[in-house]
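We just call them A, B, C and D in the order they show up, numbering each chain from 1.
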Amino acid sequence: MHMSSTMDSVVRDMSLAPQGRLKMDWARQHMPVLNRIREMFIAEKPLAGQRVAISLHLEAKTACLAELLRDAGAQVAITGSNPLSTKDDVAAALAESGVTVFAKYHPTPEEYDEHLMMTLETRPDLIIDDGGDLVSILHSERPDLMEQVKGGCEETTTGILRLRAMERSKELKLPMIAVNDAYSKFLFDNRYGTGQSVWDGINKATNLVVAGKTVVVVGYGWCGRGVAMRAEGLGARVVVTEVDPIKATEAHMDGYTVMPMSEAVQAGDVFVTTTGNKKVISGKHFDRMKDGVLMANAGHFDVEIDKVSLEDMAVNKRVVRKDITEYEMEDGRKLHLLCDGRLVNLVAGDGHPAEIMDMTFALQTLCLMYVNENHDRIGRHVLDVPYHIDEQVAIYKLESLGIQIDDLTKEQEEYLASWRL
Amino acid sequence: MHMSSTMDSVVRDMSLAPQGRLKMDWARQHMPVLNRIREMFIAEKPLAGQRVAISLHLEAKTACLAELLRDAGAQVAITGSNPLSTKDDVAAALAESGVTVFAKYHPTPEEYDEHLMMTLETRPDLIIDDGGDLVSILHSERPDLMEQVKGGCEETTTGILRLRAMERSKELKLPMIAVNDAYSKFLFDNRYGTGQSVWDGINKATNLVVAGKTVVVVGYGWCGRGVAMRAEGLGARVVVTEVDPIKATEAHMDGYTVMPMSEAVQAGDVFVTTTGNKKVISGKHFDRMKDGVLMANAGHFDVEIDKVSLEDMAVNKRVVRKDITEYEMEDGRKLHLLCDGRLVNLVAGDGHPAEIMDMTFALQTLCLMYVNENHDRIGRHVLDVPYHIDEQVAIYKLESLGIQIDDLTKEQEEYLASWRL
Amino acid sequence: MHMSSTMDSVVRDMSLAPQGRLKMDWARQHMPVLNRIREMFIAEKPLAGQRVAISLHLEAKTACLAELLRDAGAQVAITGSNPLSTKDDVAAALAESGVTVFAKYHPTPEEYDEHLMMTLETRPDLIIDDGGDLVSILHSERPDLMEQVKGGCEETTTGILRLRAMERSKELKLPMIAVNDAYSKFLFDNRYGTGQSVWDGINKATNLVVAGKTVVVVGYGWCGRGVAMRAEGLGARVVVTEVDPIKATEAHMDGYTVMPMSEAVQAGDVFVTTTGNKKVISGKHFDRMKDGVLMANAGHFDVEIDKVSLEDMAVNKRVVRKDITEYEMEDGRKLHLLCDGRLVNLVAGDGHPAEIMDMTFALQTLCLMYVNENHDRIGRHVLDVPYHIDEQVAIYKLESLGIQIDDLTKEQEEYLASWRL
Amino acid sequence: MHMSSTMDSVVRDMSLAPQGRLKMDWARQHMPVLNRIREMFIAEKPLAGQRVAISLHLEAKTACLAELLRDAGAQVAITGSNPLSTKDDVAAALAESGVTVFAKYHPTPEEYDEHLMMTLETRPDLIIDDGGDLVSILHSERPDLMEQVKGGCEETTTGILRLRAMERSKELKLPMIAVNDAYSKFLFDNRYGTGQSVWDGINKATNLVVAGKTVVVVGYGWCGRGVAMRAEGLGARVVVTEVDPIKATEAHMDGYTVMPMSEAVQAGDVFVTTTGNKKVISGKHFDRMKDGVLMANAGHFDVEIDKVSLEDMAVNKRVVRKDITEYEMEDGRKLHLLCDGRLVNLVAGDGHPAEIMDMTFALQTLCLMYVNENHDRIGRHVLDVPYHIDEQVAIYKLESLGIQIDDLTKEQEEYLASWRL
């Protein structure tokens, strides 16, 4: 048995803990699936003796996950997965409760990297990653810590793109479960979660009306669908840009206007990027945007909108409202970038609604148990979430809502299994 | 000519002025109709020598209206129309700019009344009222100041209900224009403005998901319609309660479930009141609500949800998150009241989007000019907004959007005017 | 007391009566408000001894109205209000049941006029008109019959435009109630009725998909709103053209794209006219439409799309599918006109749904009673539907649906009536 | 080389051919993807010498597919895949054009089976099946013809359920491509196609309003989603029943009410089944439905609504309108079954819109080519549609719409392929 980690937490201000605790209590009240799992785990302590390292957006819902894993018997260390999404009060509350925390809002780039490294140095058995930073650094900078790690789970589209690239090039050294690709994740978290929280963030940051505006949604994956659906629900005209012909056709049939970005830049009042790719709005685009446009990003990294080029091209730059930077262009047009191009829902708002993260984190928890028990069998691969786990989360969710559904009768099961009528 | 008012402003903290100014600049950038009118007024000074008293929610958009009237030549005094909607930074910025301000966030009830009175004591020629407090106090407590007042404009459904009651009982002593009842007001401000801003406020306060929830909208007037439309757009199931059979039938045909409040209390996860009436959620209702419900008000006064009864019935009460009070009932259920039952969009958020208030305040301005010039002709009546003013605001709005529409041809005009085919 | 009318019916083929009766039975089963009124009228015979002349689209629902008036004691004569909307089987069934019918599907223009005249020659006491033909001919060609007529009701926007023109020029000789302008009419019939039935008609005629198409809705009155709302509900992108700035702004805020017709002709795949005006799509427009467009009219007369010009400009014309005429233009483009520019919902389909006409015809019935009793008091004017009738229809409708609503408490009534808080 | 098939067509009435041809011309005009493929095939004759047997709903769009395969060089024999969906005029037109047709509207059960058998007896090389009848009979009754058959394609959810059951039990003797499971199929055909056409069929059959009704959608697969989405778009309240917890949760979050069928039967005004299963509305359910309900099926077979039980339980049965059978129950309630429980969109209407079938039949064609060339490699398996075919159809579709999309830059491709930032 290995030694217990005794590292101290690194947080901004421990005196904020009571306020953070209040936020966590509110979140937990709205996470019934996680609460149900916790009840089972408190009794069974299935992670007793395990060390878990987490890199996630460190706010109230995430803190509930961390405490659940602690209650399951694990020693938990956590860092933030984005420099602007950490809530200092929640970090303090969590640190107070026996979880080791390395995270601050708006750290220096050096601090941010150091916190990731400190989290890894707790010598985890299991990892929960969001965007792939923890796993990436483990492979590239601390391969010496690899042996201890049984495997882990990845939360995002972006992180899975990176993991699959590692798997293809045979560089992946541990089993990872692609939590993002579970139905109970992407159908809900990416669509309803991102869909609502992006607009919560934009509206809070701007106090402008959505109705009547032309909103350009860049990318029509599950996040893009959600953002488009809610934009329409708030009264916008929606333009979609895509690189995939099937998704583009779908957006067209969903009643949206599909066009290449070179045209969309002239049509849009608001732009939201949701691609997991880089420079989807780039230098050549800024020149042709309308005066006063808003640009926001909902993808994991702050590279979707090419803010380096934007800064080069602008003759002036100033913060005109919390979370809104105005770039003045040579011809006098003013372009507004929200939250420095970082996740608008997490920086300007509180991120996904609690009930949504409840499902995602239930998946994380059950998948982490699965890796813990099956890591040898899986091998150095990216594994899809086993369907029975996916289904189990939905079953718990329905039960928490008091919703009953039908069962197949024996006659129906036989009918579905036969091919003779 | 009367003496200039020289009273000093009463605000919380003048050092907040720069921050308030930034907010005003952002708002003004999104109020093109008001800006257009301002250009005309700066040249013409049509209100030179007039004193204007305003009672409105004192935030950035309102401040732009106050400055427009100042730029039109008027001496302007302003107070807030709700104790929790005043933004202290904006109040400071406005006071700095030559408008007389009497307003603080969260004043004592005594202060609140005193600020209303001080505003009246500037001896206004013209009044802009919101909810009817200024006009009501003028009639009941300071009839001595009546003679100076030519008339005014009222912004809200609630205020107009009160004015019409005064008119019916022959107690109204001055001409008032019912700005709320203009198409360019209620179709937009009440529907799209309240519709979006209520959810912006609720979502910011709660960080919960709307999709999948059952939302009870109490009252299906233009505000209720907007709240219901956006609830649906965010993925909710909508229940409507009404007292008017035509509106109830309309809600039913709009795909919502119509039921009496006695049933709705058992169905709802979220309740939003939009009636202009009192105790639409009352003592008998709290007993049958589900555990964990949210209650928010979007009507002018904090009397729609009977919080006095709620407090009596609860065994415990605490603030669980900014703008959320939890009432614990005898049976353990927890009911959550947002913003103390005051306007959720103004207390938890920044109120209506700027582009919406642009139209409403353009109406206010043009109607105030109309009263100024026609008060004798109108007499002691509540007057509907003259249609040419209503239409003019829409024309300016379309022009600001760069939208062109069609004109009737001469042949078409004749066709529409004739009855022989 | 005057002599009974004994004129014989003029219909296409009496042998179709059983089929028509079946259609009427189905319709009546879905008209609970009318059935409820009928129960009262069968006992009271409130129209005993009265002659009623009707011009309406003669199909199953209308036939139920005619039979209701007969059951109320009246002698009823009816003709169609559009040459292509008469259903010959229903006409036969009605003729068999003691109502005098003058109507055929696709009559010659001479026959159509003759049927109107024969209907007038039954010397009615009361008139129900749709589009204004009956009243117009009465005034212009048979003023000798005027004396007998007490007054009547008008169903449509178009008819009321004509009546108000007559009233303005002092040519109106009898009281007419503007049934179209009742809330229980236009909110439901024009919006939900036209909205659905236009698409039922277009889809039946074309078997094409609506999703992904650009639909141009010409006119954003209540009919246009309904057509736009359902187009969006079926997945279309909606473009609106208007002449009214307030309606244009509303369409913009509803998420539609507003543009002048000169631009819309290039954007549209489908055009639907709903204006009550003439030549809203005219010669200059056909030249710039896309190949393959569909054009349909939902307004009362077949003059909204200028089919005379279209025929002049086309080099070839042929029927390519029931209710679709293809016009081949000089440059090879093919434009498709549905139902010869006549009401697409009534010609290609069965018109408004039964439950919708139930409300409209209940209004007609109660308003006809009102004219019968109050014609002297009303005078030669166009009268709005009395609010208590409007409300009564909604009350009956809610009862038929089993929907209960709330009542104001005494405390609430007092609150709403007072202005002091 | 094998002998040419010379069997004569069996159709209802060859004199209907001109009318059928007109319908085919209209459909073809709206199938640009198929037309584009046809241009290539006319030159290349890639199916020269091949015999193709088709079982599909025999209407205008299907006829265009049959002619395309004929133009590709094949000898084509076709039968209907449902006794009530065959259009006799189209069958005649097709027979006239060199395709061998065995199909009549409303054949006897014996005739229906005989037509399937005759189609098989043309000794096909390739098969296109819809619902699995052709493949099923081939296996169970005519294994002697198996050797000639290289493989085929299956169109529907139901057919694929049957094929996978055969594959599991090792009874499948030929390669079949699961066309239904392609993105370009189920995202469009099942969702937008079924979604719209089901309501086109119901509305045409009933002339009732959808707005305000409670619609129970049984099954939330892609067809059910489409039916629910369009029901909502037409103003209905939607109830969903499901057996799958993930789909049930999704329906809940989409704003629908999820409940077991035992409760839904009491809530619904309209029921639409879309499951591919049997007896999803069964004997125990009919007893508790409301008076006047409508029941329609959109699944392949007429077994989803248990009409045998319904007939047993009813005391009376009569046709009350074309395509509507009324069952009178012992307690006087009247239940309405549309189209005898067969596909409501194909029996009461013309089936899926042409532009939708364009994509599905393009998939069929390209997949048939793939089987022709790769049958040996595939073996006796159910194969998913190769992704490049799926994508190709979407590319053709976008091109036909004139829609351009973006390409990844080299920098973006590299970014997506790497895991180091």
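Methods note: contacts are C-beta pairs under 8 Å (C-beta built on N, C-alpha and C of every residue); 3 or more make two chains touch, one makes a residue touch a chain.
Here is each chain with its UniProt name: A, B, C, D = Adenosylhomocysteinase.
Small disclaimer: the values here were computed from a predicted structure and weren't measured.
*Asks:* Any idea whether B-D or A-B has more C-beta pairs in contact?
*Replies:* By number of C-beta pairs in contact, A-B is the larger.
*Asks:* Which integer distance in Å separates the CA centroid of chain B (Adenosylhomocysteinase) from that of chain C (Adenosylhomocysteinase)?
*Replies:* 39
*Asks:* Report the inter-chain centroid distance for chain B (Adenosylhomocysteinase) and chain D (Adenosylhomocysteinase) in whole angstrom, where each centroid is the mean of the CA atoms.
*Replies:* Distance between chain centres, rounded to whole Å: 54 Å.
*Asks:* Quick one: report the Å distance separating chain A (Adenosylhomocysteinase) from chain B (Adenosylhomocysteinase), using the average Cα coordinate of each chain.
*Replies:* The separation of the two C-alpha centroids amounts to 37 Å.
*Asks:* Which chain B (Adenosylhomocysteinase) residues reach two or more other chains?
*Replies:* 192, 211-212, 232, 235, 252-253, 401
*Asks:* With chains as vertices joined when they touch, what's the shape: line, ring, star, complete or other?
*Replies:* Topology of touching chains reads as complete, every chain touching all others.
*Asks:* Which residues, counting only chain D (Adenosylhomocysteinase), touch chain A (Adenosylhomocysteinase) once they are in their complex?
*Replies:* Against chain A (Adenosylhomocysteinase), the touching part of chain D (Adenosylhomocysteinase) is residues 132, 136, 140, 161-163, 165-166, 171, 183-184, 187-188, 192, 241-246, 248-250, 252-253, 258-261, 276-280, 301, 390-391, 394-395, 397-398, 401, 403-409, 411-412, 415-421.
*Asks:* With touch defined as at the start, can you tell me which chain C (Adenosylhomocysteinase) residues reach chain A (Adenosylhomocysteinase) in the complex?
*Replies:* 211-212, 232, 235-237, 252-257
*Asks:* Applying the document's contact rule, which stretches of chain D (Adenosylhomocysteinase) touch chain C (Adenosylhomocysteinase) when the two form their complex?
*Replies:* Residues in contact with chain C (Adenosylhomocysteinase): 22-23, 25-27, 29-30, 60, 192-193, 196, 200, 203-204, 207-212, 230, 232-235, 292, 320-321, 324, 349-356, 401.
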